[in-house]
Amino acid sequence: MLKNSLILILILGFAAIMLSLFLSYTPSEDLKGVSKHYAEYGKEEVGAANLVSAVVVTYRGFDTLGEVTILFLTASVIGFFLKVNHSKDDENTAVKKYSEILGTSAKILIPLMVLLGVYVFINGHLTPGGGFQGGAIIASAFVLMFIALPQRKISHKVLSAVESFSGLSYVLIGVLGIILAAGFLDNQILSLGTFGSVLSAGAIPLIYILIGLKVGTELTGIISNLKELQNEQ
Amino acid sequence: MVNPIYIVAVLLGVAFTSGFFSKKGKNIAGYLSMLALGFVSFVSLQWLHGFLSEQQAAAQIFTTAFKPPFSINLLMGKEEAVFTSLINIMGLIGGLYLFRKLKETGSNAFIALLLLIMGLNVIVMTRDLFNLFVFMEISSIAIAGLIILSQNVKSISSGFKYMLAGGLISGMLLLGTVFLYYFTGTLNIDGMLQQNLNLVKGSSVAVFLVITAIVLELKPFPANGWGVDVYEGADAGISALISSAYATASVYVFMKLIPVASEQFQFLIAAIGIITFVASNLMGLRQSNPNRLLGYSSISQIGLLMAIIGLSSVIGESTNFIVISILVSHYFAKAGLFWISGIIKTNSIRDWSVLRHSKILLVSFGIFIFALVGLPPFPSFFGKWELIMNLSGSHNFIWVTAILVGSFLEAAYMFRWLGYAIKLELPSEIKPVIKLNKIIPVILFAASVITAGYFTGMNHEYGKLINYIPLAFALAFVLIEFLPVFIKNTLAIAGLALYFYLNYQSYTDISRIFAAIFLLGGILTLLAGYAYKGKRLGFFPFALMMFAGLIGLIEAKSTLEFFYAWELMTIGSYFLIIRGKKSITHALSYMLFSIGGAYLIMAGLGIASIGKADLTLSILHQVTEYAPLVFILLAVGFMTKTASIGLHIWLPGAHAEAEADVSPMVSAILLKAGVFGLLILLMAMGEQFIGKVSIPYLLSWVGALTALMGNMMAAFQEDAKKLLAYSSIGALGYAVFGLSLMSHLGWLTAISFSITHFMLKALLFLAIGGVVWRLKTKDMYKMGGLIKRMPFSFFSVLIGIIVLAGVPPLTGFSGKWLFYQAVMEKQWFLQGAVLFFSGIIAFLYCFRLIHAIFLGQLKDEHRNVKEAPFWILVPQYILLAVLLGFSFLPGSMLKPIGNMLLPFLPDGAIHWNGQLATTVYGYWNGKTVMIIIVGIFSVVFGWLWFMNRKARKIKQFNIVYAAERPFRPETTHFAYNFFAPYKKAIGFLVAPGITNFWNRIDEGAHAVSDKFTKLYNGNGQTYLIHIVAFIVVIYLISFGGF
Amino acid sequence: MIYIIIAIVLGIVMIVMSIIAIHHKNITLAILSAGGVSLVASILYLLLAAPDVALTEASIGSGLTTIIFFYVLNKIKKHKHVEE
Amino acid sequence: MEKIGIEQISLAFGFIILMLGLWGILSRKNIIKIVLSFTLFDTGLNIIIVAIGYLKNKTAPILDSAELQTDTASKIVDPLPQALVLTSIVIGLGVTSLLLVYALKLYKEKKSLFINDYKDLKW
Amino acid sequence: MDPILVKILYALLTLFIVLNYGLLIQGIVPKIGARVGRRHGIPFYQAYLDIIKNYSKRTRVTHGIMFYIGPVFRLTGGIGLLMFMPVIFGSNMFQNFSFTGDLLLVLYFQFFGVLGMALGAAESGHPHSAIGVSRGLSQTTAFEFPLTLGVLSLAVQYQTLNISDIVAAQQGGFMHWSIMTNPLAAAAMLIAFLGAMGRAPFDVVLAPQEIPIGPPTEYQSGLLGVLQLNRAIFPIAKLILFMNLLFGGATSWPELFLKTFLIYMWSVFVGVVFPRFRVDHSVRWFLGVPLLIGILAIIVTKFF
């Protein structure tokens, strides 16, 4: 109990820091700094209707590359951390039976979810959403599959091949930026196209597709690793 | 130049590609990874080369088509090139070291390594705060992944703690970053630097959060328990990566961001850094697990760097030089040490003696330890020097003190460890398996740190001037270690002789005397080395290194050269001393006292440099500020070498346990380095005062008490070499007193005394060494009657003790006579009386030495003992000849010395008329005294021989012995506790008070260390509490509330 | 004004759910509440004119994270079960 | 009172959630709960970031209507913090899943989720 | 005549006088003691007899070279001490070789014989010799301390280390003697003198009343004869030193005999009154009050 009160005092101290931050915050009326530039020139420079996507993929594309890397890294680490023994899977999974209804509805739902995911990342530069969200939706679809149709398996080889392919392509696009356009990860290796259409904003849709694929496969990988661990024993 | 963005692209690309390789392909993944790491190393090294050859300007690398601050940009400047090179090389070599381990785990492990290096590269180069955050996350996740390469409860729990701490810290960083964005409208670091962020409370809190988060990444005390646990829990190869690569990058991030903070905040962080430095080193004292110990050491080094960077506004433009040189040493050394630890896999530093199975590993281990502690010729030596010079040059004495205390603690446990490795018994059960891929990195880094040291020296203003030839000569002996002693010894003697011949004319007068003591003395003692058979591994490089240091002292023109030589001498002699049989603790205490003394000297030179443009030794002539302080620091520093009272406890063991020819080297020659130091100090600075008390006056009491204590201790020793060692302490007390007189006569006494002491101590140590060589024991009561078996050694000792006791007519008396004239002139009678008293006590141990060993009853087991080896006798008889010569013609030695002193102390109070010396108080003619005594002696001897020529020699036990006949020599050899009544009377004076004092300090340090380490209770949550508490406390300190 | 009230309500809901997540003994419920906090937060993001973030928070923060939690929890429970 | 807008309210709640998370991190003994608290901490952080980017009465930075495409700067909220939050959420997922896997592994080692049980390394 | 040769001859003359004086005193003092104790006592020429007896012994043994040389050292030390001192003030004949060195030479040369004796005795391999040496050396170190302080005090007082100059400064009546002008130094030195003479109560080194003990235990025949010669010369040399330093020296031989005899009697007197000290006691004793007196002497002469 003493310890908890000590912690409480600490948190109060911490709250003091937070409070000073909070008190120094005054709502601003206008955009300033770099955002102003994004708002004013984003349309011309990047050509994406969704300015968040423009920032994510282009202006701060390097961050996004890192972000993808983090997921990839996490998946890899979890992969070797859990070190699933793939050969055992067959016998174990066969035992389990899940409800028929769930299975059937999943069979319908899964393609729809995948489709939704694909939609989200293809339209990432126009509407809310993008590679990450799309990828997450696709992964959710697979989660559903794991739950509802436990006998279905996805090949890890395929997963990692897709993952590697999309990752590599992402890097290559980045490098193409140096060669063909102004710099690493420049989206103008493809033409900016008509503002607001699907095939616009240069390489953003392409990158988002790759990110979507990559994030989707990575998250699926993590979950399937966990799931297979589940089936162990 | 290859665009640095390819570093990122290639590493990422290869990492992503690894997914294509299934289990079978993991070899390919491995080789590909190595290739990629090789490539990025090449890229960064290429840039580094460009910058070093000054053909290259710093380059901005933009991502996307937009200029910063609208998009993220990277910068490749000189510092970035250095840091990325270090990181990438560590990635490559560390990857090589871990290759098998990684391969076992699969391609995913290579991915983690590649991404770690990639992340670190970016955090070094990026100029965008949020980007920094992202890539720091990458690196720390990669580390978290690598920690669990070997999966056991230790590594997993440490990894978990790491993740928890990392999560909290990165949360702070993100919070700070976002608020900085809110206040500045940009995420670009350069953009932030252009604004003054410390005007508004909010933005300064944001800065506080960002900087505190970065500081927490650097593991400040006490919020660093997680860090230490990781170092211990992870595989050694990973710890190496963390300690070298990750810490390197973190330091650079800190360097990059610190200008954002206000000056006060920078100082606060510097204070945290220094506290971390001292506290971690203190805690290192009680560690026995090698990895944990290295962990504490890593944290402390980073703490030091934190402090240096925090103080950059004080240190000025050499900050980068200091940071990089210290960091580079740390980088190579820590990686190397972790690697070695991974090779031998023991849980206790006491088991590190297994290193002796592999000479190359042992040598590397030594190199790393020295590099870490900051001894020459390693980069950190120059870094630390520059640091201390700058800090003390700007009156920051508290910082200097803290840094030196911390460094000293670090040296303490590092050298204890080295001692274990060199001397402890080999544990039989452990035999390390040495794989090629693990040993090559170690050797590579050991070689690199030496090279780096050379380049650092070359890049230092005064480092350039250092004469590296003697050191190179010494090191060359490493290469010919396979040759037999005979050849190496000849080469060494030839080298010293040639050097002396070529250079002695270039020395000034007094330097020439000391050069003669150092070099000719060196040659004489080396002559004894011919007695050794075999290869005598590890002797010559260090002996010559010591002589290289001694030469350097004489030749030094600048303060750095002097200090460099001083340290070099210390290293060489340390290894000579540790060669002795039971010298493990003595060598350690020698090293610690030496390092402590060296730090005082460094601080003294630093304070002396206040306000001086150039740092030649002549600055000591013009010390304007804190002159008494400078004087005291330097004097105490030098007196650790002369083993003055209070600082002497290292000497007896160190000198006594050393080998037959090493004892004279360290006792007769090395101690004179301290005298030389004191001499040039006094010459330069003259008399200084604390208040109204003259410091030389205090010094005179130190000298007198040293002499008393040394001689008294000597009288009560049972160990012959210890007796001589204590006698050296006493003798050096005389020298210190002589110097403290600050008069012509006093200095004449001191210098002539040094010369005489050099000769007689070399003589005695060699003679006793020869006896010990044959008898295999140093206990005097186990000897006896050896005059019959070793008459030549006996004669050496006889003359030696007569000289030592200062009995006329031999040259020892000239010292005493001069001494009294000087005392009379200066009127320091009480000290004089104490010294006289110690002189009489010298008589006690002199007699004891010769009696217990050579006289009395010969022991049964020594009936067939042979005379000491020929080559040990040769230098003795050369010395004897010189001693007798000086006895006969004292004026011939003293007069030239007196003339040399005239420029410094012109009142030559002594007049020479042939061999007759006259002062105001008295007179003395060494030659006639000699003639008269020899005359009387011959007449008396003639008379006795005439009367008693038919005396019959009788057997050993044929003595008058109250009605019984003794038949055991042991019972009739009265030698043990010889001066029992004396000890009973005044033995309390030599109660080991000083030893107890130092022991208590040692215990105290360990106790405090124990208390501190209890903070780290192993609970990850407690560590988190520490972190939050750290943040809150720092906030309260810097903002004082809301 | 209505937005402000909605925001306050959402906030209070979040706080309550957070406290449940932290203090409730039933871990399953705790995980669900934490997911709930994310879900509510994503509504708040919509109010704050951040649909992108809302979508992400909903799919990743409340969706996938919760799923992963459950997977791990399941796994641990199984272990417990095996032991008993 | 009228000055107080949704952004301040959100900001305040963000801070509160963050601190609740911190409380959980520091006081819970169950490892799963600690990780859970971390996600709360992250959520709080994310709310703060988004709230900071909010501008009163402006719309989302998605230029899907022609009206928004002129004089954009005065009509939309700040897109940059939103981009940052996206990254932060994804990173949070990565870290959380890794922490969970760690928790799982720890559990396998000692069959305990009590954090005080993992003190093998200390002093 | 060659001045050196003359000097040597004069020196030999001094030696001859001192030797006989020493031998006689060795006989006379015990005789006085015996008479005081109403015993018959030894004849006053006993010392001569002892020496002749020793030299004419037929059994002559030696334990080795150092054993043989030890007595030589001893006697050289005794003679040398005498030779380096001016004996009669103002007389050119009896200045000996004092021109070669000052008081310091004399003080340090005392040890020459001591050392040689100790070495020789030690080679005999007899534990009692070694014990004697141990005791002797311990005691010597102890009394030398106050002695030196006293001597230094005198040197300060007269600002010279030259013995002749010190004697010269004391001329002109007993009020000029150091014992009057510098009583503290004199006190310290006279106490130390007791130790230096090796008589009771500081005679445990030789322990003459018990079984043979002390350095000369193993000595016999000519070797012992040499030691006995020294035993005659050495104490007188010391007496002369004290006389020179404290009692204004002597301008003629009779004055010398008188003064030295009285000084000698001082030690005899003390020896009769006090019981024998053990070595540890005597060491502690010498380093107590006498030492303080010595320090006081220095302080007083330096500052007043």
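Letters A, B, C, D and E name the chains as they come in the text, with residue numbers starting at 1 for each one.
In this text, contacts are C-beta pairs under 8 Å (C-beta built on N, C-alpha and C of every residue); 3 or more make two chains touch, one makes a residue touch a chain.
Treat the numbers as computed from the prediction; the structure is a model and nothing was measured.
Engineer: Among the remaining chains, which ones contact both chain A and chain D?
Structural biologist: Neighbours common to chain A and chain D are B, C.
Engineer: Mind listing the touching groups among the other chains when chain B isn't counted?
Structural biologist: A, C, D | E
Engineer: Please identify the chain lying most centrally, where each chain is represented by the average of its Cα atoms.
Structural biologist: Minimum centroid-to-centroid distance belongs to B.
Engineer: Work out the mean Cα position per chain and let me know which chain is farthest from chain A.
Structural biologist: Most distant chain from chain A: E.
Engineer: Most contacts: which chain pair?
Structural biologist: Ranked by contacting C-beta pairs, first place goes to B-E.
Engineer: Need the most distant chain from chain D, centre defined as the mean of C-alpha atoms.
Structural biologist: E
Engineer: Taking each chain's centre as the mean of its CA atoms, how far is chain C from chain D in angstrom?
Structural biologist: 11
Engineer: So what's the Cα centroid distance for chain A and chain E, whole Å?
Structural biologist: 106
Engineer: How many Å are there between the centre of chain B and the centre of chain D, using C-alpha atoms for each centre?
Structural biologist: Centres of chain B and chain D (C-alpha means) sit 51 Å apart.
Engineer: Quick check: how many Å separate the C-alpha centres of chain B and chain C?
Structural biologist: Chain B and chain C have C-alpha centres separated by 58 Å.
Engineer: Where in chain D do residues touch at least two different other chains?
Structural biologist: In chain D, the residues touching two or more other chains are 5, 7, 12, 18, 22-23, 26, 42, 52, 54, 60-62, 76, 80, 82, 86-87, 89-91, 93-95, 97-98, 101-105.
Engineer: Multi-chain contacts only, two chains or more: what residues does chain A have there?
Structural biologist: Residues 7, 10-11, 14, 19, 21, 25, 34-36, 38, 50, 52, 59-60, 63, 66-67, 70, 73-74, 77, 81, 128, 130, 132, 219, 222, 226, 229 of chain A each touch two or more of the other chains.
Engineer: Could you check chain B for residues that touch two or more other chains and list them?
Structural biologist: Each of 130, 134, 137, 141, 144-145, 148, 151, 175, 179, 181-182, 187, 1025, 1028 in chain B touches at least two other chains.
Engineer: Please give all chain pairs that are in touch with each other.
Structural biologist: Chain pairs that touch: A-B, A-C, A-D, B-D, B-E, C-D.
Engineer: Can you name the residues of chain B that touch chain E in the complex?
Structural biologist: Interface residues on the chain B side: 785, 787-788, 798, 801-802, 805-808, 813, 816-817, 820-821, 823-824, 827, 829-830, 832-833, 836-837, 840-841, 843-844, 846-847, 850-851, 855-857, 920-925, 928-929, 932-933, 936-937, 940-941, 943-944, 947-948, 950-954, 956-962, 969, 971-975, 978-982, 984-986.
Engineer: Which residues, counting only chain A, touch chain C once they are in their complex?
Structural biologist: Of all residues in chain A, those touching chain C are 50, 52-53, 120, 128-130, 132-133, 136-137, 139-140, 143, 219, 222-223, 226-227, 229-230, 233.
Engineer: Okay, in this complex, where on chain D does chain B touch?
Structural biologist: My answer: residues 18, 22, 25-26, 29, 31, 34, 38, 41-42, 45, 48-49, 52, 80-81, 84, 87-88, 91, 94-95, 98-99, 102-103, 105-106, 109-110, 115-116, 118-123.
Engineer: For chain B, which residues are in contact with chain A within the complex?
Structural biologist: 3, 5-6, 8-9, 12-13, 15-20, 22, 61-66, 69-72, 105-106, 108-109, 111-112, 115, 118-119, 122, 128, 130-131, 134-135, 137-138, 141-142, 144-145, 148, 151, 175, 179, 181-182, 184-187, 200-203, 205-206, 208-209, 1025, 1028-1029, 1031-1032, 1035-1036, 1039, 1041-1042
Engineer: In the complex of these two chains, what residues of chain A are touching chain D?
Structural biologist: Against chain D, chain A makes touches at 4, 7-8, 10-11, 14-15, 18-19, 21-22, 25, 27-31, 34-36, 38-40, 42-43, 49-52, 54-56, 59-60, 63-64, 66-67, 70-71, 73-74, 77-78, 81-82, 126-128, 130, 132, 195-196, 215, 219, 222, 226, 229.
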